[in-house]
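After this come two complexes, each holding chain A, first together with chain B and then together with chain C.
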Partner chain A sequence: MKKIKRIATYCFLSVAAIVSIFPFLWMLVSMTNKSVDVTQGKLLPGTHLFANIKELFATVDMVPAFVNSTIIAVITTVLTLLIASLAGYGFEMYRSRGKDIAFTILLVSMMIPFAAIMIPLYRLFGGVSDTMPWIGIDTLAAAILPTVTTAFFIFFFRQNTKMFQKELIEAGRIDGLSELGIFFRIYVPTMKTTYAAAAIIAFMNSWNNYLWPLVILQSPEKRTIPLLISNLGSSYAPDYGVIMTAIVIATLPTAIVFFIMQKHFVAGMMGSVKG
Partner chain B sequence: MKKKLLFLFTAMFILILAACSSSDDSSGDTDGGEDTGKEAASTDKITVWAWDPNFNIAALDLAKEAYTGDVEVEVIENAQDDIIQKLNTGLSSGTTKGMPNIVLIEDYRAQSFLQAYPDSFVPISDYFNPDDFADYKVATTSLDGEQYGLPFDSGVAGLYVRTDYLEEAGYTVEDVTNITWKEYIEVAKAVKKATGKSMLTLDPNDLAQLRMMIQTAGSWYLDEDGSTPHLANNEALKEAFEIYKELMESDTVKVVSDWSQFVGAFNSGEVASVPTGNWITPSVKASADQSGKWAVVPPPKLSIDGAVNASNLGGSSWYVLNVDGKEAAAEFLADTFGSNTEFYQNLVTEIGAIGTYKPAAEGDAYNAADEFFGGQKIISDFSEWTKEIPGVNYGMHTYAIEDILIAEMQNYLNGKDLDQVLKDAQTQAEAQVK
Partner chain C sequence: MGWLFTIIAILAICLFYFYPMIQAFILSFQSGAGANLTYTGFDNYARLFNDPSFIAAITNTFTFLIVQVPIMIVLAMVFSVLLNDATLKFKGFFRTAIFLPCVTSLVAYSVIFKYLFATDGMVNKFLMNLHLLQEPIQWLTDPFWAKVTIIMAITWRWTGYNMIFYLSALQNIDRSIYESAKMDGASSIQQFFKITVPLLKPIILFTSITSTIGTLQIFDEVMNITQGGPGNATLSISQYIYNLSFKYTPDFGYAATVSYVVVILIVVLSIIQFKVAGDDK
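After this line comes the complex of A and B, so read on.
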């Protein structure tokens, strides 16, 4: 009986694994095939890999887009971690009137879809374009600012902070650390796993963000990778081999970030569930 | 330490607030009427948004070469859906920052932009003569008698046929020239029987075929006002639905689900005909081994009175936005797409784009024979058919209504009564497009 249960479990897990791995496999295989082969559903690797790579770099400016995406994703991630963890820590550690109401309002804001605030945001950035051109429309700063810290990250940090031992803070205070000192010297080092998990999520969100960079960035040299890929598919006769190559390149950084922090990520997510 | 930080935060906060309030003032001005977007392109440089590097962007590059003025033209490539998203966001936010001088818009969508943002586009009839262009194209690019768009490519439709398959089934090209859809189905059945090949592809999620059919009768999803749905009691649409179902049930259709399968079907010789817009020519010719086996005839028409063997599918036009540099932008368009016959010959020979500029039809490139199509002068033929296309007002909601029809078409194919199908579609459309 136990054995049957086991077999069933493994069967289910295998199916789930195939379902989640297949798109990646398809992407990698298609990268080596001609466009025609991709559309005909060829599942075997071909010989077109280098031709596709060459074609990709000849038709679009992959390198600047990669640089832009990296700048935006890294800055967004760093700022998100800093602000969200400070906020989450504050919400959990300090007592103040109205804290719970403020937190509820924050959570409710998670329900507002980005598309709903996009036009006012665009208007806002259009307005500051004259007085502060460095954060106006068509700047990387404008692409970064509205995406820094969401209610989700603050919630995420607050949940994880619940596991943080308050005695450590008391100890810090007795030893004469300032409040910020306690945060940076005690809280941050102990919460490494939480930071790692949040970093992966923030980086992936920012790296894959499409809608806001699309409307706010206008010049071709400021494009991010997702916008570039969208362009590749826009012609009346798209080259799917080249598109797949671009997608593989676009996927690499998130995959690398994930694998580096994988151990911490799992621990961090477990923590938030327990909390 | 703490106080310093607090001071810093407060200072930043005030700064941001100040910046926002001053921004409100400036955007308030822009709303007032005249746009003075300082950041928008100055007159010695204009920007253009278009989407296909092998087609409309290639055409722009040719136009840049042909243009004699000294304005720098920057072409920015964006996917078509991206252009729509960016335009909608930019124009509805009321700021002209970051908007281009010229934008390419598909004809089916043009009216919705012109009507939704009336002050954002510039009438350009002073710069070129709209009468030089095909009538149907002028109808789709103007609003309230004002000409806003400068026509780019013609979406004139044709029926691409495999002459070898037809022959096997006992038909000649003449037999499929200027026929009705009902006759087409008969040919389809014969071809299937003789060759085992399907007659055409249909994509259940794209009713382009339906659009092509009803335009042969001068009908559309919307009334002539461009905003009232015209589905129930639309005789043309009703017949188109019937033909669609008959085709589906005649076992002569290869069902496809996307563009690549559509192209793949005729490239691999699986279908005997392709009724679609002329822009498919390069894709048809991509299979060089099929050279000499193709011909193009006018598209089949509906049987109802007044229908003609001419229709349109797709096509787009250039629009000038109301931002700094609009005069330079309009002059650039007028000088190239608006009046240069020589330029139109290059468009045909180098990228295969057929315009709707009437005088261009006299040129050499338009009258060249195409060996792939057995020596047929297809460009010249297409230009002739362009003149016959019934002009319809594509109105505001072509794609919104099509989404409704796609669902209702499935109900119809599953046996629901046709009158009821169209009536239900009408109710849904009226509720949705208010």
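After this line comes the complex of A and C, so read on.
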């Protein structure tokens, strides 16, 4: 009986693992094959990899999209960490009734669906397009600004600040550091792992964001990677080998970040539930 | 002094969340094409009830929600319980494999699923080779199967993500509770329902609320797998709002009205889930 249960468990988990991995394998194999072979269901690696890569960079604006996505994701991540950690630290270390109420009100914004604020945001950036064209519609700045500050990350930093030792602040004050000095010289270096966890989540969210860039970035040269992939995916005569190559290249940055920092990522996910 | 630390965040959230919410509320009482908006009172709200696309979008989104979220939560729990067994071999491999879908972007995996589930795609080829099917299933062009495809896609992408929360919670449960339950003759099924489920209640609440909010806002998948079709068979609320604002002749007023329905739904469903989950928090 016990043995049967064991075998059933392994079978079940193996099926789950195969289903989870298969799309990745298919994608990796297909990037080495011709489009015709992909449609015929070929599951063995071919010799077409370099031809696909060459074709991709010759026909699709992969490089500008990669540059746009990188600029957006890096700036978003840096600003998110800075603003959210300052706020999380402020809410936890300088607690007051007023700040607790303000924090609760900020948390309500987590329930606001993006689709509900998308139109007013679009009109907001449309309204400043004439006077301040550098942050108007179809600029990277407009793609970045509304996504930088989220209640989730403020909450995340506040939860993690609870574990920060308050004696360190007193020590800093005795040493004559300013309040901001304490934050940058003592808090930031001791909270490295928290920043690492937040950085991964912020980077991945930004790199994969689709709806807001779709709304605000209109000209082809401003396209980000998800917009480009979506566009390739909806073409009428798709070259499967080339599209798979594009998807693999688009997925690489987040996959690499994930595998290098897997532990921090899981820690980050849990940090958002605690408390 | 402390306010200085929080001021940027407070201003940004007000500008990019609360101010647009107020604007959307005002917009929801206006109608017209593009920038030519006039006040029309509750007309937009009345229009909702006679709008077949809106009704389709609500029905589809709720179908995804009611079918998909429970399947995923149960699957995630089962995986985590199986993987929490100390004597299981290849644990690390299974865990990483099931979690792997989370590294893909929603757009990328949607495009992959669209190809896999094409009528001449891998899924049909596989099922027909096993003789489970005589004829290919029209995964993307049949109203019923298109919904099934979307549900399978979301489940594939998010089960491993939710599993991690359960796994971490299970690792914090004291093993001696199970030892003494075994001594008292409790079967593993009894242990699961009498010990594991009650102890995981906060995580179940957390994952079902985040999944509910996520599914109510579903956009990337329907946009890239089925484009809402066939007809309106997989149209979601977010996608309808997008279509109203940017695909058809823009009607920002009516789109804002539809978006307020999502807000109300999220608030109501979150309150219900908190109430159902009970008294302790």
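Everything that follows uses one rule, which is that the second predicted complex is superposed on the first by the 230 of 275 C-alpha atoms of A that agree within 3 Å, B and C clash if a C-alpha of one lies under 4 Å from a C-alpha of the other, contacts with A are read in each partner's own complex, and residues count from 1 in each chain.
Everything that follows uses one rule, which is that contacts are C-beta pairs under 8 Å (C-beta built on N, C-alpha and C of every residue); 3 or more make two chains touch, one makes a residue touch a chain.
Computed from a prediction, not measured in an experiment: that's the story for all the values here.
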Fit or clash - chain C, chain B, common chain A: clash
Chain B or chain C, by number of chain A residues touched: C
Partner chain(s) touched by A:Y240 [first = chain B, second = chain C, both, neither]: both
Touching partner for A:P220 - first (chain B), second (chain C), both, neither: first
Partner chain in contact with A:D130 - chain B first, chain C second, else both or neither: first
First (chain B), second (chain C), both or neither touched by A:P45: neither
Partner chain(s) touched by A:T149 [first = chain B, second = chain C, both, neither]: second
Contacts of A:F12 with chain B and chain C, given as first, second, both or neither: second
Which superposed partner A:F114 touches (first chain B, second chain C, both, neither): second
First (chain B), second (chain C), both or neither touched by A:T59: first
When the two complexes are fitted on chain A, the stretch of chain C hitting chain B, from 131-139, 167-175, 185-193 or 203-211: 131-139
Overlap of the chain B and chain C footprints on chain A, listed as residue numbers: 39, 118-120, 122-124, 179, 211, 214-215, 230, 233-234, 238, 240
Residue ranges of chain C touching chain A (in the complex, touch as defined): 1-6, 8-10, 12-13, 16-21, 23-24, 27, 79, 82-83, 85, 88, 93-94, 97-98, 100-116, 120, 122, 125, 156, 160-161, 164-165, 168, 202-203, 206, 213, 216-217, 219-220, 223-224, 227, 237-238, 241-242, 245-246, 252, 255-256, 259-260, 262-263, 266-267, 270
Complex contact set, residues of chain A against chain B: 35-36, 38-40, 59, 118-120, 122-133, 136-138, 178-180, 211, 214-216, 218-220, 227, 230-231, 233-238, 240
Residues of chain A defined as touching chain C within the complex: 9, 12-13, 16-17, 19-21, 23-24, 26-27, 39, 41, 83-84, 86-87, 89-91, 93-96, 99, 102, 106, 109, 111-124, 145-146, 148-149, 151, 154, 179, 183, 207-208, 210-211, 214-215, 225-226, 229-230, 232-234, 238, 240, 243, 247, 250-251, 254-255, 258, 266, 269-270, 273
Contact set on chain B toward chain A in their complex: 1-2, 5, 19-20, 22-24, 26-27, 38-39, 51-55, 76-82, 85-86, 89-90, 92-95, 97-98, 260-261, 263-264, 267, 279, 282-283, 286
